[in-house]
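What follows is a pair of complexes built around chain A, which joins chain B in one and chain C in the other.
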Partner chain A sequence: MKRLLILLLAALLLRPALAAERVDPAADLKAFQTYFHARFPHVPPADFVNGPYAMDAGMRAQWQQIMQFPPYQFALDHGKELFAAAFPNGHHYADCLPHGGIGIAQNYPRFDPKTGRVVTLEIALNRCRVVNGLKKLKLTTGDMDDLMAYLTDRSHGRPVAVVVPDDPRARAAYERGKEYFYARRGQLNFSCASCHMQGAGRHLRGDVLAPALGLIASFPIYRSAWGSMGTVVRRFIGCNKQVRAVPQRADSEDYRDLEYFLAYMSDGLPVAGPGARP
Partner chain B sequence: MANTILVRANADGGSTVVQALIRHPMDSGFVKDKSGKLIPPHYIEVLEFAHNGTVVLTALWGPAVSKDPFIKFSFKGGKKGDTLSISWIDNKGLKDSRTAAIM
Partner chain C sequence: MRAWILAGVVALAAVPAAAAVQPDAAAAIARAEAAAQEAAALRDQWTPTIAALHAAHAAAAKGDTAAARRFADRATLLAGLSIRQAREQAQLWRSAVPQ
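== the complex of A and B ==
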């Protein structure tokens, strides 16, 4: 019994050291992208950002019809106005962001060494609002997705350039995001990978499942099922509900870390936001 | 309501294909808001397209049409440079209109 306890203790003490050695985002990235390229050899690498439209010709044809009049057009125009408008104190969103906020969406989410947490562009915009005496915007839909539509449009085509710096907190956040992606949850006991890796390209009722590679590169999206625009977090909440898991707060650490992982896995792919999905 | 209409018209041989996206809530009057109160009906009732002054399409819409409706149709005639005008009026009496050149 005592020997068993000693062995258990030794195993527990050794675990953190082993875990730190295992976190290798660059290797994960290579393996992740190689997996999808091997699984879908006829899909050009950049086309993965089109999700279901890269998987199914019929859906692509419908999408091209819809895109003659992008359903996110109103959100895009409104987002441009919102971004340019001054706060009551005279400052602008541009004052809080690098390069005035233009052409930076591909760098987010980023790790903030000051707070030790992942910051998504939505959260950065809200921080800007708070610093300038305004209330935060809802992270899921409304003015926030309109702003995001405009900012991602200004980065359209730029390769995703999310970085996991050599900081143990950043690597831990990345690892948490990765664990979230692969962990089963909810009454239906699915993980993100269940649908977006195993099920990629397959049908789920009337939908064609998008591969995890490039999955969030087209956000924010006008989703026909919603009849409106939404951010990545809006979809995370929806996905949680669909597997009958209890969704979390929109600004939860889990969602930030998951977005960090997913965006990093799409490094090199062109930003394709805003997007339109069924 | 202003600037709610996005339109594109393309002349193709003897006919013109028109596509329009209209920003409108198209509330049916049956949906409740978060506090449980019914959102009053607010939808486009009549939509009209005219080519060089002649009406080519009249749409009698109602609560069954969804938010931000999209319409696509074609009519005989029309050539590049002609004027296409669009106007709508809703059940609250609000309206918007716009003209565009056929491409």
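== the complex of A and C ==
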């Protein structure tokens, strides 16, 4: 009897811990999207991909004027040329990617069962280069942005459809990305969620903070503050620095997993990249 | 002649003091390096920690041991705070997740 009571007590004590460890991406997705829909009932679900422009009428009006001559157009055109150009060995990027790379951006990042790691589209492009005897491109700026602008444009309007397969390594990667998003870091003690969940729609000086829902769907972006294009990893690095945290490597597990989590949270929203931001 | 003797006495008096400060500064920098490494291993390094460490090394290179120790102590303090943050956040992050 005493033994039974001890076992029962142990089970009761362990239950919350086990619940905390359980990984349920579908339940997370529902709770995440419900949070934003409840906080911003006036914003149509698909409009979250427009970030601050879905929150502020003045900014939206300015953006619509800017978009008459999209600032990412040069990157888009250059990206198309880069993608079509043959490697010295005669192969192309299209040879390395599913469906020749066209209309696939909404499925990235993907979990690669061979390596057990998350692969972003940028990393897939770099893998293609290495296989064909070329050096990797920078994951933050330059030609990679232009290639990404083109590939994202080819998926424009398609619903984000990132999959977290029933593989413990994929679930662990998703969970690490989730932890990275919610954990506070840096001397200013901010998490990604501090700005892009709790602070979404609020002003940070002259900026309106974009909601995390749909955030990833507009990348790569031309950011006026940069005066150039940037991938989502460039933004991650910038956010880390702004809260006085040392950024991770651009191809780090942390950023791959964070992008994986964020993309999964935007499931069903239309790809809106390349984008333009203040 | 008197001035020379005075200068010699001052110089001799200063030597043991400088010799005593140097190992202190080196130890302070070593402590700061160790704390910063621990913070990095927890993936929560702060940029001000690195800035303070660089300043400590720069001061030590110039022979300003007092400043080196001061910057190193600052780096140790900042690294300690980031370690505490990382350990607390290892569990606390869950409280921010919408249910």
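Keep in mind that, in the parts below, the second predicted complex is superposed on the first by the 258 of 278 C-alpha atoms of A that agree within 3 Å, B and C clash if a C-alpha of one lies under 4 Å from a C-alpha of the other, contacts with A are read in each partner's own complex, and residues count from 1 in each chain.
What we mean here is this: contacts are C-beta pairs under 8 Å (C-beta built on N, C-alpha and C of every residue); 3 or more make two chains touch, one makes a residue touch a chain.
Quantities reported herein were computed from a predicted structural model and do not represent experimental measurements.
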Combined model on chain A where chain B meets chain C, clash or fit: fit
For chain A as apex, the angle formed with chain B and chain C - C-alpha centres, to the nearest 10 degrees: 100
Touching partner for A:Ala26 - first (chain B), second (chain C), both, neither: neither
Partner chain(s) touched by A:Lys178 [first = chain B, second = chain C, both, neither]: second
First, second, both or neither for A:Ala193, with chain B first and chain C second: second
Partner chain(s) touched by A:Arg244 [first = chain B, second = chain C, both, neither]: second
Which of chain B and chain C A:Phe69 touches, first, second, both or neither: first
Residues of chain A touched, compared between chain B and chain C (which is higher): C
Chain B versus chain C as contact partner of A:Ala225, first or second or both or neither: neither
Minimum C-alpha spacing, chains overlaid - chain B and chain C, in Å: 20
Contacting residues of chain B [partner chain A, same complex]: 6, 8, 19-21, 23, 66-68, 70
Of all residues in chain A, those that touch chain B in their complex: 68-69, 71, 73-74, 227-228
Complex contacts: residues of chain A adjacent to chain C: 20, 28, 31-32, 34-35, 178-179, 182-187, 189, 191, 193, 197-198, 241, 244-246, 248, 254
Contact footprint of chain A on chain C as seen in their complex: 40, 43-48, 50, 78, 81-82, 85-86, 89-90, 92-94, 96-99
